[in-house]
Amino acid sequence: MTANTHIPAKTPDQSETVMTEMVLPNDTNNLGNLMGGNLLHWMDICSAITAGKHANTIAVTAAVDNVSFQHPIYGGAIVTLKSRVTRAFRTSMEVAIEVYTETMESQEKVLTNTAFYTFVALGPEGKPVPVPPIQPANPGDRERYDAALRRRELRLILAGRKSPKDAPALQALFGAVQP
Amino acid sequence: MTANTHIPAKTPDQSETVMTEMVLPNDTNNLGNLMGGNLLHWMDICSAITAGKHANTIAVTAAVDNVSFQHPIYGGAIVTLKSRVTRAFRTSMEVAIEVYTETMESQEKVLTNTAFYTFVALGPEGKPVPVPPIQPANPGDRERYDAALRRRELRLILAGRKSPKDAPALQALFGAVQP
Amino acid sequence: MTANTHIPAKTPDQSETVMTEMVLPNDTNNLGNLMGGNLLHWMDICSAITAGKHANTIAVTAAVDNVSFQHPIYGGAIVTLKSRVTRAFRTSMEVAIEVYTETMESQEKVLTNTAFYTFVALGPEGKPVPVPPIQPANPGDRERYDAALRRRELRLILAGRKSPKDAPALQALFGAVQP
Amino acid sequence: MTANTHIPAKTPDQSETVMTEMVLPNDTNNLGNLMGGNLLHWMDICSAITAGKHANTIAVTAAVDNVSFQHPIYGGAIVTLKSRVTRAFRTSMEVAIEVYTETMESQEKVLTNTAFYTFVALGPEGKPVPVPPIQPANPGDRERYDAALRRRELRLILAGRKSPKDAPALQALFGAVQP
Amino acid sequence: MTANTHIPAKTPDQSETVMTEMVLPNDTNNLGNLMGGNLLHWMDICSAITAGKHANTIAVTAAVDNVSFQHPIYGGAIVTLKSRVTRAFRTSMEVAIEVYTETMESQEKVLTNTAFYTFVALGPEGKPVPVPPIQPANPGDRERYDAALRRRELRLILAGRKSPKDAPALQALFGAVQP
Amino acid sequence: MTANTHIPAKTPDQSETVMTEMVLPNDTNNLGNLMGGNLLHWMDICSAITAGKHANTIAVTAAVDNVSFQHPIYGGAIVTLKSRVTRAFRTSMEVAIEVYTETMESQEKVLTNTAFYTFVALGPEGKPVPVPPIQPANPGDRERYDAALRRRELRLILAGRKSPKDAPALQALFGAVQP
C-alpha cells in the first residue's frame, strides 16, 4: 500500500493525456446525446494511457469510482478528456479524468464529467509490478493526492477488505462533525 | 430526494435484466483479456435497460460508482451481467450490477465485477420525471436498499452538494468507531 | 449422425442463454429500425454461447435456417433473445432462438423473431469433437427435438448431401397428403 | 403471392451486387476465423442492396434460410459476396447469396457459403409496396426461380401459415419417392 | 524504383476489386451524410485487397494522395468502390480507387470520389518483397500508368526524399509553360 | 479563393486539436499493426474538429493529400495526433496533421505520419459558408501557410479544374531547375 520509495518519482505532468473526440451518430443514445457507456469507454482508454505512461508498462482497470454525468452531451459536440495520475501505490495508480464539452458554435468548454479510475500495472508475465511514486507538481495535484488516500480507504471498505475503524482519513472527515 | 409515494411501488424483480456476452477478439485489450472500457459499456447498457423498465421511460446515466474488477476476464469467456434496481429516489434510481464469468470448459460462474450505476428518468421533452418507489422483495434487496442511501450521501458529499455533517448514515458508520 | 450415447446427456436448461439488448442508433437501418444483419449477429452470439455451454468447448456456426422477421423492431426497443439446444447429433447441435421485443413504455413482450442455428463443436486442434446427447425436459423441448430431425434432413437434401428418398421424416409429412 | 404482371419485369443482372471484404482481427472468433455472425451481417447488407435495387426502394429483411458454412474462413482471407434476386412475389423478393473465399497467396476462389434472404419492399410510409417481376436471364437463374417457389412454400409451412397439402411443389419433390 | 522485370507481369484486371456498401446510420456524420473517415476506411480495405491480390501477399498502406470528395453521399445511398493497380514499382504499388454513388430510387451512378493509395508488399517476416510489374490492359490503364510516375515523383519531393531537379516528368509538365 | 478579409483572422493555436489513442486489437491488420484505414479515420475526426473549431460550424472533408505512413505502428502503441489549420480560403481550410507514436516502455515519440486534409465549412442549410482567415503565429505556421497555396494549385490541376500554366507557385518550384 505504501509507495515504492526505491523507484524515482514522476510528476502527474509526465503522463497527462489529452483525448479529443466528436460525438457522432454512432456514439449516441436514443435521444441523440452521447451514450453514457461510450463516454465510460473513452475515459477508460484515456486513463489507461496515462497509467501506462506512468508505469512504463501496460496497466489494466481495477476500479472505477465517482463518475458523474452533470449535463447531457449533445450529438456534434466536441469532447475533451484530460487524465492525470493522482497517486501511486505499490502496483496500482489512481487516475483522475476531467471531461470538457464545447460546441463548434460557442467553443465554451464546460466541465461535464469527472471520474477516478484505478489501474494495476502488469509486467511481461501478466503479474502486477511496482510503479513509480507520484510527486505532486502543484496545489491541485497535492489536494488530489491527499484525497486519493480517502478514496482508496473507501474502496477497500466498500469491497469488504478493510474495516471502517482502520480508515483514519475517513474518520477524520466524518469525526469532525461528531458531538 | 424522497421516493414518490403517490406512484405504486415496483419490486426489483420486475426490471431485473440478464445480458450474456462472449468475449470476442474485438472486445479485448493487448493482453487478450476483456478491455475494462468494453465491460463498462456493457454494464451501462444492461443497467440502462433495468432503469428504463423500472421507470417506464428512457433513463440516462447520472453516476457510476464502486466498479470493481477483481479478476481478468479471458478471451472466449462467457460473461453474464445481472442488474437490479436497489432504490428509487424522486427522478433517479440506483442499479446494482453483478458480472459473472465462466469458461465453456469449466462453466463455474465466478463473480468478477460489481458496480452501481445511477440513472435519471426522462420524459418526452427530455426533462426528469418521477419514478416508482422500490419495494425490496427479499433480505438481499433490503440490504442493498439501505446501503443505497449511504452511497447516495457519499456521492453528494463528493460532488460538493452536501456537507458531511448532513450525512447521518455515514456518520453512524464512521462515528461508531470514534473514541 | 446418431447421438453419442456414451456421453451423459444434458437438458436444454443447462445451456439456455438469455441476452438482453437495447436498440441504439448504431444498430439501426435507414428507417430507424433494428437492421436485420445486426439481429442475425446478436442471434449468432447468443446461440454460440448456448452451443458452447452444451458442448463444453467452442462451437462454430454451420448452418442458419428459418429466420423469420415478423415485425419491425423500433429504435429504443428492448430485445430479449433466448436460445436452447433442441437436439444434439454426433459433433453438431441445433439451437432454437426466440426473440422478444418490448418497449420501455408498454413492456409487453412480443415474439418478433425465431431462428434455428446449427453449430459444430471443435476441440483444441480445431477438429470436430463429440457432443453430449440432449434429454428433452418438457413437452415443448420434445416437440422441438422431433422437428429437429426433419429440419436436419431438409438441410442435407438442400445441400445435395442426401436424397429425398432417404428422408423418412419428411416423406411422412408430405406423404400423408398423397392420394 | 402472384408476381405483379403490371410492372415491367427486370432481370437478376440488373440488381446483382458484389461486395469484397478482407477478414480483419475485428471480424474473427476466438479461433482467429471469421465469426459466423459477421458473415451473416455482411450477407444481409449485400442482399439488402440487391433487393433495394430491384425494388427501387428500401427493402427490409423478412426471412433468412439455408445458410451454410462449409469451410472455416481464416483471418486475412478475401471474401467475395455475390447476390442476385431469384424470384419476386407481390411485395417480397428472394435473394440468393454466394460467398467465395480466397487467400492472397493462392487466389483460388472456393465457394464457402450460400444463403437465401427474403426482403419486403417498403414505400415512403413504411408500408409494403409492389415490386417488379423477375425475368430469369439464363438456365441458372431459371433453376433458382423454380426452386424459389418450393422454398417459399416451405417457409410458409414452417411458419404455420400454410398446410403441407397446399404445397404442390414440395409434394412433387417428396411424392416422387412414394411407393 | 524500377519494376521487377524478372517477375511475370500481371494486368490490372487480375486484381480489380469491387466493394459495394450501403450508408447506414452507423457511418454518418452529424448531417446524416457519409463521414469522410468512414469512406477513407472503406477505400483502404478495398485497395488493400487489390494490392494484396497483385502482390500475392499482404500489403500495407504507405501513402494516400489526391482523395477528392466532390459530392456529399447521403444516408441510405449505395456506394460502389472499384480499385485497380495503376503501376508497380520494386516493392510498392499504386492503386487507383473510384467511388460511385447511387440511390435505390434513381440508380444513376455518379462518380463522387477518386483516390490513389500506395501499398508496400510484405513477406512472411514482415519485410518488403518484390512485386510483379504491371502490364496496362487498355488506354485508360496506360494513361494512369504514365501519370503514376509523376505522382510518385511528387510524393518523393513532398517527403523531402527527392529534389525537384531530379523529377523529369514533373519538369516536363510545368516546363512546357515556361516562357 | 481569396481569404475573407472582412472576418477577423484567427491563429492556428485557437483550433489546434490533440487526440491520443491506444492501438487495440480492434484497430489492427492481420500483422497485428494499426490498420491504415483506422488511422485515416482517426485523422479525419481529429482534423474535422480543428476545422470545425476554426470555422465555428460543422466542416466536411473535401480532399485528403500526402498521407505518409513511414513506420508500422504496433499493437499496444500510444498514438498522438495533432492537427492545425495551415491556411483558410473562402469556404475551405487546409489542416495539417502530425501523428506521433510511442510505446509505454520507451515513451520516445516518433513522427510516424503526416497528412493534409481539406474541409469545407457548412452553414445551417448545408451550404458552404465563409471562414475566418488564418494569421500564422510562428515561422513553422508561416512555412505551412505558403506551402498550402502550392498544394492547393496542385489539387486543382490534378482535379482538372486548373491549368498548369495558371499555377505560378508550382512553376516557380519546377521552373527554377529548367535549363
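Note that the chains are named A, B, C, D, E and F in the order they appear, and that numbering of residues resets to 1 at the start of each chain.
Quick note on the criterion: contacts are C-beta pairs under 8 Å (C-beta built on N, C-alpha and C of every residue); 3 or more make two chains touch, one makes a residue touch a chain.
Nothing here was measured: the structure is a model prediction, and the numbers come from that model.
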{"item": "Chains touching both chain D and chain F", "value": "B, E"}
{"item": "Matching chain pair for D-F (criterion: over half of the contact pairs shared, by residue number), options B-C, A-C or D-E", "value": "A-C"}
{"item": "Label of the chain whose CA centroid is most distant from the centroid of chain D", "value": "A"}
{"item": "Of B-C and E-F, whichever chain pair has more C-beta contact pairs", "value": "E-F"}
{"item": "Chain C-chain E separation of Cα centroids, rounded to whole Å", "value": "43"}
{"item": "Distance from the mean Cα position of chain F to that of chain C, given in whole angstrom", "value": "50"}
{"item": "Distance from the mean Cα position of chain B to that of chain A, given in whole angstrom", "value": "19"}
{"item": "Two or more partner chains touched - positions in chain F", "value": "22, 24-26, 29-30, 35, 45, 48, 58, 76"}
{"item": "In contact (per the touch rule at the top): chain pairs", "value": "A-B, A-C, A-E, A-F, B-C, B-D, B-F, C-D, C-E, D-E, D-F, E-F"}
{"item": "Of all residues in chain E, those that touch chain F in their complex", "value": "29-31, 33, 35-38, 40-45, 48, 58, 60-69, 72, 115, 117, 122, 126, 154-155, 158-159, 163-165, 167, 170-171, 173-178"}
{"item": "Interface residues, chain E side, partner chain D - complex", "value": "17-22, 24, 45-46, 48-49, 52-53, 55-58, 76, 78, 104-105, 107"}
{"item": "Residue numbers on chain F that touch chain D, as the complex places them", "value": "25-30, 32, 35"}
{"item": "Chain B partner contacts - residues on chain F that touch it in the complex", "value": "22-26, 75-76"}
